[in-house]
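The structures considered in this document are given below.
What follows is subunit A paired twice: with subunit B in the first complex and subunit C in the second.
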Partner chain A sequence: MSNALKINKGIEEGLRDFLEFLLKSEKAGAVFALKKMNGKGAVSYSLITDTDELKDAVPLYPLMPVNAGKALSSFTLEGVPEKPVAAVLRPCELRAFIELVKRAQGSLDNILLISLTCGGVYPLKSLTDGNLKKLLSQYWESAKKADIDPGIRDTCQSCENFIPQLADMTVVSLGKKDLDKECTIILNTKKGEEYAREAPGSIVSEEIETAETKKLKEKRKEKNEKMVEDFQKDGSGLKALIKTFAACLGCHGCSQACPICYCMLCDFDSKTQEYKPVSFSSELKQKGGLRVPPGTIYFHLGRMSHMAVSCVSCGMCSDVCPVNIPVSTLFSIVGASLQGMFDYIPGRDVEETVPSGTYKEEEFVETGEYSGSG
Partner chain B sequence: MNSTQKDKNAIPDKGKTLPAKEGVNKAITDFLKQSLEKKCFEAILVPVKVLDTESYAWVLLKDESILDQADPLPPVMTVQGGRALSSLTKHGEIKHKVAAVMRPCEIRAAVELFKLKQINLDNITLISMDCPGAMPLSGYMADPEKTKNTFTKIMEKWEENDSLRPVCQICQRFSLPSHLPPSPPLSSADQNDPDSSASDLHIGLLGGDMKQIFLIPASAKGTELLEKLDLSPQDSLKNWESKVKEIIEKKIKKRETFNKKWLAEIKGMSKFIEAFDECLNCHNCMRVCPICYCQQCYFDSQTLKLTPDEYFQRAEKRGALRFPLDTLFFHLGRMSHMVLSCVSCGACEDACPMSIPVAQIFTAVGDQTQKDFNYVPGRNKEESLPLQFYLEDEFCEVEVPSECEETAIGEAK
Partner chain C sequence: MNNNDMPKIIGFLCTWCSYTGADLAGTSRLRIPSSIRVIRTMCSGRIDPLFVLKCYLKGADGVMMMGCHPGDCHYQKGNYNARRRYVMLHNIFKTLGLEKDRIGLWWVSASEAPIYAKVTNEFTQQVKRLGPNPLREEIFI
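And now, the complex of A and B:
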């Protein structure tokens, strides 16, 4: 049981009230949250300093225009903010941010982390294909019942990590019948309790894991197993990879949108990877034909080997792919398997080091040992 | 217009022809096979189906058998051909004789990249064809079969069709790139060089009722190629020419209306901002643009990074600051960097995950800007890029009025 702040207003309005309290009381200098852009439903993350602007804030809006971990990284990359910032982000975004902090791409200092038990987000395409309105009307009904909303991203449907770790506060958004009437914010840390002091509302006791969330976890697990099974139906090996990435344009939008891919200049965009005329000639001679530009599969495999151990399965890569390649499905599956090998969960603990950056004398001995020159 | 130039812009009256009993694509691939057999080329760069999927990729091939999977005029544009050719030759001339078979806008992009020193055209023969347009990539990915059927119907009749990509619907440069009006007169000194034409050989699909294709030489390279091949001569290209002209006229009119509409729609800061409201800053548009060749885009560089304090200052000015920043700055910046060379290929719009009409906006602005510089991107290899060419009397209307008048008076005398 943890202490929780209960505000007798609908979940969205209640959270907005709390954020307003943080700004007005100057406990926070700014709020970092989703904000409405226009009347068409588009939202973007915003650094909000003015309480008037806060009226358009929609921190729980089920869309992810950019992974907030990436946005917070760009905010804190060059230093620590002077005033505290209250950031509202989804569990996978928080995990991404933690992974970036581990890689010295951001800082947790002076950031109040507010997350939520997450019902998932809709694909960004729902904004442009006109389906968003219809989807939005069902979102909170699914959330109340802690059901898997059929419209959410594939990776969200199979996400078992929907309860945030490391958040100072967690907004309860799943498995509560009266989300329309009350907003419950669980205070996970001392920092969280301090920020909530004197906030409007009452302090209650609340359990973060409930029968409903446990059931949802089971359902999502099943979905995940099915997703893996379905994906593997299409075969494996190089041929399956070629087919999966057949339509790839090489736009590298997946890498640009990926919160973990923080490199300023990706190796696969660098001169190193460009073929010289002689490379084209020799490959042409060998194979009779080759794809131009070359290196389509190599890019995806390379990116995978660089970041899959930290993949938080946020689904941004699939959302920005112009040719509908199920990038995030593949990366989630490979990521989970790789993370299992290293007993690593990205974003679980900021002190936990990235596996490929840690030397262990006894690791993977089953793959054989170096016997030395003797 | 002097006489040499007139000759240059005239459509050649002779070419070769090939029957297309089994469809236009088959006729083109047969022609390519023959040119491989006769060793006119050692390799061909052409769109090919990837394994047994419905996706297309550019393939550099030397084995004839791969040509059976080729589709010289696929229903969609995947990677822009100019980009593919740049990948192949940016580090120097390719050692084989290569034919690159591309849509006219891809040829034009290749010509621009040549001027920007991102393509080496030694050993490359550029083959263009009449292009009915391309279908939107997202629609094709969702339903390849249906999209292909629509495209086949469009190819049969060459009628206006609003299921084509918007920029294709108004494309008046869908045929032989260098010879077609309306083109302002060339300003460059090398206008008399026949090999400065954009493509070397053009495949005319119009005017033959889809029963035959015309092979039209557009440079000395093209003429030489046709001489080596075993093809029936074509004495008159009148049918092709009149059909092309008819479509050009229609498209020009449509394009004028289109440009007017878009320039009104993005006029002023607030309207421009609104057009790009949904931008995620993924930079896909830039990444697929054939003209955006920079290894590292300025807008992805360290220069634009801010400290938390600077973010705060900006936020406090307006009460809230959008993340990621500088979305609009990116589009305006990219526009100012490349729009003079924009060939309206539509790749940017196809790659936008938020369906922002990037190509339509860039086309409207591009047309206007190119007109101001009397420039047609990709028309001619020797034509200088406007920003690299000094003209003493240029834009005198923006100069100090008195000086401008003096020049005008001087000219009148």
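And now, the complex of A and C:
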């Protein structure tokens, strides 16, 4: 049981009120949250200091225009914000941010982390469908029942890490019937309690894991197992891999959108991967043909070998793919397998080192030893 | 043996142990299969998984990584990094259902010329059993 702030307003309005309180009481210098950009459903992560502008903030809007971890890193990379920033982000975005902080690409100082028990987000393409209103009401109906909304991203449907670990505050958005009437913000840390002092609303006791969230975890686990099973049946093997990436344009959008791919200059965009005329002709002589631009699968497998161990399964890569390649499914499956080797969960703990950047002397001792006779 | 039956294997050898070991194998007149093409690196820790992937995807029948024994690295700890990179790459191959037996890592010290001869011969046999890399036929990838 932890303390929670209960505000007798709808979940989104209540949270907005709380953010307004943080600004007005000058506990926070700015709010970082999703904000409406036009009347048609477009949203963007924004830094807000003006309480009037806060009216258009939609912190719980089920859409991820960019992974907020990446966005937070962009303004904490070079230094700490002058005044505390109250950031509202989803659990996978928070985990991505932690991974970036581990890689010295951001800082947790002066950031108040507000996260939520997450029902998932819709694919970005649903924005242009025109039935966003219907989707939104459907989303909140599923959230009340802690059900899997059939419209959300594939990775969200099979995500078991929907309860944030390192947040200072957690907004309860799943498994509560009266989300329209009340907003519950669980205060996980001392810092969270500090910020919530004197906030409008009452302090109650609340459990973050409930029977509903446990049930949802089971359902999502089932989905995850099915995803892996389907992959092993149809997606595994060289032929299937080539088929999966056949449509790839080589736009590298997946790596641009990926919160873990932080390199200023990706190896695959650099001169080292450029084909010189001589490489073209020598390869043509050998094979009698060449894809242009070359190295589609090389790019994906290479990127995988570099970052999959930290993949937080946010689903941005699939979402931005213009030709609908299920990139995130593949990366989630490989990521989970790599993470399993090191008992590692990306973004679980900021002190934990990234497995690809460290080693233990006493591990895998049999690897490399010649085992044949004498 | 007909040279056409010989698989093409790329070997990344660290200069301090394995490359010197391979050199010794030559001066000791040990039989080394003609399948292996050696690329010398300063340390096994220099072998980016991308090198291995590129060889594999370009149609190499096998890729060998070799370095100093753990604890003997010329740069103290480079081979520990190599080991982790290798097991991670191996895991990716396994998870994706690719032919993980086409890649391998061995520790070969500067004095272990017989081991070098053995692992190259045995790996050549192993790769032969797998047949040619199907990626040779895949042109537009």
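Here is the rule we use: the second predicted complex is superposed on the first by the 363 of 374 C-alpha atoms of A that agree within 3 Å, B and C clash if a C-alpha of one lies under 4 Å from a C-alpha of the other, contacts with A are read in each partner's own complex, and residues count from 1 in each chain.
Rule of thumb we're sticking to: a residue touches a chain if its C-beta (ideal position, glycine included) is under 8 Å from a C-beta of that chain, and two chains touch if they have at least 3 such contacts.
Just so we're clear, the structure is a prediction, and the values are computed from it rather than from any experiment.
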item: First (subunit B), second (subunit C), both or neither touched by A:242; value: both
item: Partner chain(s) touched by A:291 [first = subunit B, second = subunit C, both, neither]; value: both
item: Contacts of A:305 with subunit B and subunit C, given as first, second, both or neither; value: second
item: Partner, of subunit C and subunit B, that touches more residues belonging to subunit A; value: B
item: Subunit B versus subunit C as contact partner of A:276, first or second or both or neither; value: first
item: Subunit C-contacting residues of subunit A that also contact subunit B; value: 242, 288-291, 296
item: Residues of subunit A touching subunit B in the complex; value: 29-30, 32, 35, 37-38, 40, 42, 44-50, 52-53, 56, 65-66, 71, 74-83, 124-125, 127-128, 239, 242-243, 246-247, 249-253, 256-257, 264-265, 269-271, 274-278, 280-281, 284-285, 288-294, 296, 319-324
item: Complex contacts: residues of subunit C adjacent to subunit A; value: 49-50, 53-54, 57, 67, 69-71, 77, 80-81, 83-89, 91-92, 94-99, 105-108, 115, 118-119, 122, 134-136, 138-141
item: Residues on subunit A engaged by subunit C in the complex (per definition of touch); value: 232, 236-238, 240-242, 245, 267, 287-291, 295-298, 301-302, 304-306, 308-309, 330, 333-334, 337-338, 341, 355-356, 358-361, 363-365, 367-370, 372
item: Touching residues (chain side subunit B, partner subunit A) in the complex; value: 43, 45, 48, 50-53, 55, 57-63, 65-66, 78-79, 83-84, 87-96, 137-138, 141-142, 274, 277-278, 280-284, 287-288, 295-296, 300-302, 305-309, 311-312, 315-316, 318-324, 350-355
